[in-house]
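In the two assemblies presented below, chain A is common to both, partnered first by chain B and then by chain C.
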Partner chain A sequence: MAEASDPGTRANAGGWPRWLRLPPVLGMVLALMAIWYVAVVPMNVKEVLTAAERAGVEVSPPSAVDRRDMGNWALVFRNTHALGNSWSSDRPKLPAPHQVLVELYDSTIDEELNGRRGIVRSGTLSNRSLVYHAMVTLNATFLGFLIGALLGVGLAVGIVHSRVMDMSVMPWAIVSQTIPIVALAPMIIVVLYSIGVQGLIPKAVISAYLSFFPVVVGMVKGLRSPDAMQMDLMRTYSAPTASVLTKLRLPSSIPYLFASLKIAIAASLVGAIVGELPVQKGGLGARMLAGSYYGQTAQIWAALLVAAALAALLVYAIAALERRTLRRMGMMP
Partner chain B sequence: MLSDEELTNWPEAETATAAPVIRANHLDLTFQTNDGPVHALKDVSLDIAKGSFVSFIGPSGCGKTTFLRCIAALEHPTGGSLTVNGMTPDEARRARAYGYVFQAAGLYPWRTIGRNIALPLEIMGYSRAEQAERVARVLELVELSGFEKKFPWQLSGGMQQRASIARALAFDADILLMDEPFGALDEIVRDRLNEELLKLWDKTEKTIGFVTHSIPEAVYLSTHIVVMSPRPGRITDVIESPLPKERPLDIRDTPEFIEIAHRVREGLRAGYEE
Partner chain C sequence: MTLVIFAVLLWVLGFGLNVMLANGPARDTGAVRLAVPLIFGLTILGMWELIVRGMQVSTVILPPPSLIAASFAENLSTLWGDFVQTILKGALSGYIFGCGAAFLTALLVDRSDYLRRGLLPLGNFMAALPIVGTAPILVMWFGFGWQSKAAVVVLMVYFPMLVNTVAGLSETTAMQRDLMRTYAATWGQTLWTLRLPAALPFVFNGLKICSTLALIGAIVAEFFGSPTLGLGFRISTSIGQLDLGMVWSAILVSALSGTAFYGLVALAERRMTFWHASHRGDR
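Entry: the complex of A and B
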């Protein structure tokens, strides 16, 4: 007889109430914050001591040259009285978390609401705000992801159906992923620029370059996932190859596809950011590199945080799409 | 092995339309493996008359599944001849001569029961209306009416296997090939499905080829029991069942039934001792 399944118990992994899942997450965040705050002190100690010395505080050893060759922790322990500005220095090597958060607030909400070029006063996103740069990066990410996913699925279908493609494409796909993308990205940009392509497309190409691979690997596995019996069943119907693909192989591959897409969208974001590094025409990658040019570490960290949040959001969006699709297909209660 | 004389004595007189639908003549099948050739079938000759229910029984490796797969053109014999409805197995398959039921139901988890049964109909290009009509008809035949909109995971194993039989019946093939269809089910469910299969066979008048490991199942269901033995896979005995077409489950306690079962067991043992 039909077995009743209880979706309530399945959706809630491990049977824990939702609010009980919060403390471990919060605890982890707090622990990381604590480690971060502690790390800030030795990381910035030399600059902090120099500034304190200028302000008239006695530090040991008194010579900046001597201090340069000393270990950071040693300096920390010898000058515990002069470290008051560790968490508020202007150009920290490692900014404190609250400095990053302030920078994040300043370069998003504050810039857009109160800045001269912000959306409130000018009607367009400020090119100094991370919202604007995130949108630039997202554009390239989406286009690259789209190209990469389509290319990946197309190659996988070819590989599964043609022995020649299986033998010829797969090794190249693997080799392509062994080349460091930071080495390849500038070349892609230069080559495309020389044939008159610039702006969004080169970034999307780099993004697609990173994202097609997980889709190829996952889809080849997925398209080959029907077992011998299911393939035999199709043969007893004398089913043409196209029917086998659309009615058996593709539906079977959907769970594999979504697993691949989650990796691919995160890779797309990385690709877009890497593609923005050498160009400096907007985007989170450009912001990160600009931050490092001008010693604005808080700016780098703020851009990193936005990138991480975007990645989490994108992966979550794919996961939501996956749940919806599988539920509609009846493969998930 | 059967001599030609025995072949002509093959009892096919019950029905007037007794031209064999499946005819195997000195069939050989050798698989080339890394460990050398494996004789899956050796000199297998057999006629299956229209409307008969033929069971193939024997230990693993005796070639009973291989023989069924040859009829379905899923394997290709390396010697001898095999015709299905007077055609080669490949032609017969393209002419939609048979429906095949595997050991596992093999329903697609992303399709409802109704859409699973419609799968061969979609591939074969039936119209929407005809698909719906046929699905409803075969669902009633296997007593699954009302489950059309359910997904496979909502059904028990026995019900799933009934749905897979419905799928094999959907496109009106005259021959039903079944490869241990109830092998993975428990005995109580298996008994009920055996009973239902007999009713179905009676109603549809199909020719059924049925592979099984179970002696009682073979004796209960069949008009003819083909006993096979391994290494090389060959036929050691063909038993014609004297049991009536009407078979309640308790026929299994009658002396006739026990006698046939005994003969099957003897045949299996003889195959081993050779």
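Entry: the complex of A and C
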């Protein structure tokens, strides 16, 4: 890795001012934060001006009706003196980053440690904390991922070994992915509910549907990756199909498997979150919908941040597993 | 019960026919390649109909295909309105705008090594995020109309498209770029004659991924608030009325338009990247 990125750094070092020469990703994140803080001002200007007017500050078009029809930037420039509260308003349209972080702290650590229903006082996770909701989502994600991955590997093994399955199932697997599955989400939940299945399973079904396809595609490629020479060697041993599968095809498909598992687990998380929208029984998706009903934007952003962190964590975990496995198998130094 | 036995018979018949076709003498002709998946699909549809009728499954749980078809034919005008609202206004406009913006950003990013090394990991990270979650926020900002749906779609397609285009633009080898330099080609000429064509397979890969994402974004955004038409609205209200025929018709519309959308992009890809290794084999 170090050698690969080295020439780029050297070629680039002269052209940039010193403070920008931090690792580029950090620079980009800082730039995004700056844009966010600036964007907060025009996004919230109307609410802030109304509040300022009530507090007795002179506001440029004095009537709220006039202000409603004006552009946000025009209002900002005419009232630069009254914008002090932009980054601390109560129900912002766009909360500032620090407001989201405060909400995140309040609804995770603070709620669990000091809340009446927190884990310290009651012994169970508080149902008002994001930790609890994240666990609900994670359960569905894992179950769906497991079903999807097993189904995907099974289908791939079938497709590689049977020409009929290859020709008849593969086109439909592709078509199945062009169907916007989330359109089916409320449907699947209602159907499963009416036959008495509820809770984790319906969400897991949606997760599984989203995660099986990358696994099928990756595994079919992986199982077919041994070259003709290796297959011929197995034939000279007169190895049965099962041994070819376990001793040659499966081991050589492992890198492909992990590449698709990383995509699949991210898709599986999206599936779980979408599956939580129709049933309001906890989970990050339910939390987002609740936030949107009650105008608690900071709550939505906090739930989004937790979802983002979960996605990063899950992909990272699979990548770590991949490194360990490949190193054990001698495929990676 | 007899209907269920018929279903099993149908399966044996359909699958047997497929086995015969797939291993028969005509196995590599185009007709067989088309026929096998079609027979498989029709067999499944037939079994669905027979089993649902044979086991007397309540239509609330799973309506038979014939009922869905009838409901589809009855509500054509309503469904057309939903199609225009969700697919044409919401998904398509967002798709064009989002992919176009991502493409232009990629050209910009490509000119600066710093931007590329900063934005690419960030873009990869964002592409894996559940961006669907921003739907409630965007609906709050842009209102219930199709504009908010288009905004969700823009956000969803932007990062996958950006990452793919940037990866595609760095696809040329040093040798090819050196050749362009010996011709004294300008940046624009190099881009137009060498790097864009080389990037096309990646660009189309991004466009294909985004075609599905666009529909998902547009439909999910409607769950958070919409005017009284649109596929997402139709699905959520029809479920409330237990009008499952209508629900499945709306799903059918979204499935058909999703497949058609993807198919069009794939067709354009085949036309424009006919030289690529993955297309040369199947002429």
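Throughout what follows, the second predicted complex is superposed on the first by the 308 of 333 C-alpha atoms of A that agree within 3 Å, B and C clash if a C-alpha of one lies under 4 Å from a C-alpha of the other, contacts with A are read in each partner's own complex, and residues count from 1 in each chain.
Rule of thumb we're sticking to: a residue touches a chain if its C-beta (ideal position, glycine included) is under 8 Å from a C-beta of that chain, and two chains touch if they have at least 3 such contacts.
Quick caveat: nothing in here was measured; it's all calculated off a predicted structure.
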item	value
Which of chain B and chain C A:L248 touches, first, second, both or neither	first
Which of chain B and chain C A:V65 touches, first, second, both or neither	neither
Contacts of A:A55 with chain B and chain C, given as first, second, both or neither	neither
Of chain C and chain B, partner touching more chain A residues	C
Touched partner set for A:G27, first chain B, second chain C, both or neither	second
Touched partner set for A:Y237, first chain B, second chain C, both or neither	first
First, second, both or neither for A:R163, with chain B first and chain C second	second
Footprint overlap on chain A, comparing chain B with chain C	5
Residues on chain C engaged by chain A in the complex (per definition of touch)	15, 18-19, 22-23, 27, 32-33, 36-37, 39-41, 58, 60-62, 113-115, 117-119, 121-122, 125, 128-130, 132-134, 136-137, 139-141, 211-212, 215-216, 219-220, 223-224, 231-232, 235-236, 239, 247-248, 250-251, 254-255, 258-259, 261-262
Parts of chain A lying in touch with chain B, wherever the complex brings them together	1-3, 5, 229-230, 232-240, 243, 247-248, 251, 254, 329-331, 333
Contacting residues of chain A [partner chain C, same complex]	5, 8, 11-12, 15-16, 20, 24-25, 27-29, 32, 43, 93-94, 163-164, 167-172, 175, 177-184, 186-187, 190-191, 194-195, 266, 269-270, 273-274, 277-278, 284-285, 288-289, 291-292, 295, 297, 300-301, 303-304, 307-308, 311-312, 315
Partner chain A, residues of chain B touching it in the complex	72-74, 93-94, 96, 98-100, 102-104, 106, 108-112, 119-120, 122-124, 147, 150-151, 153-156, 159
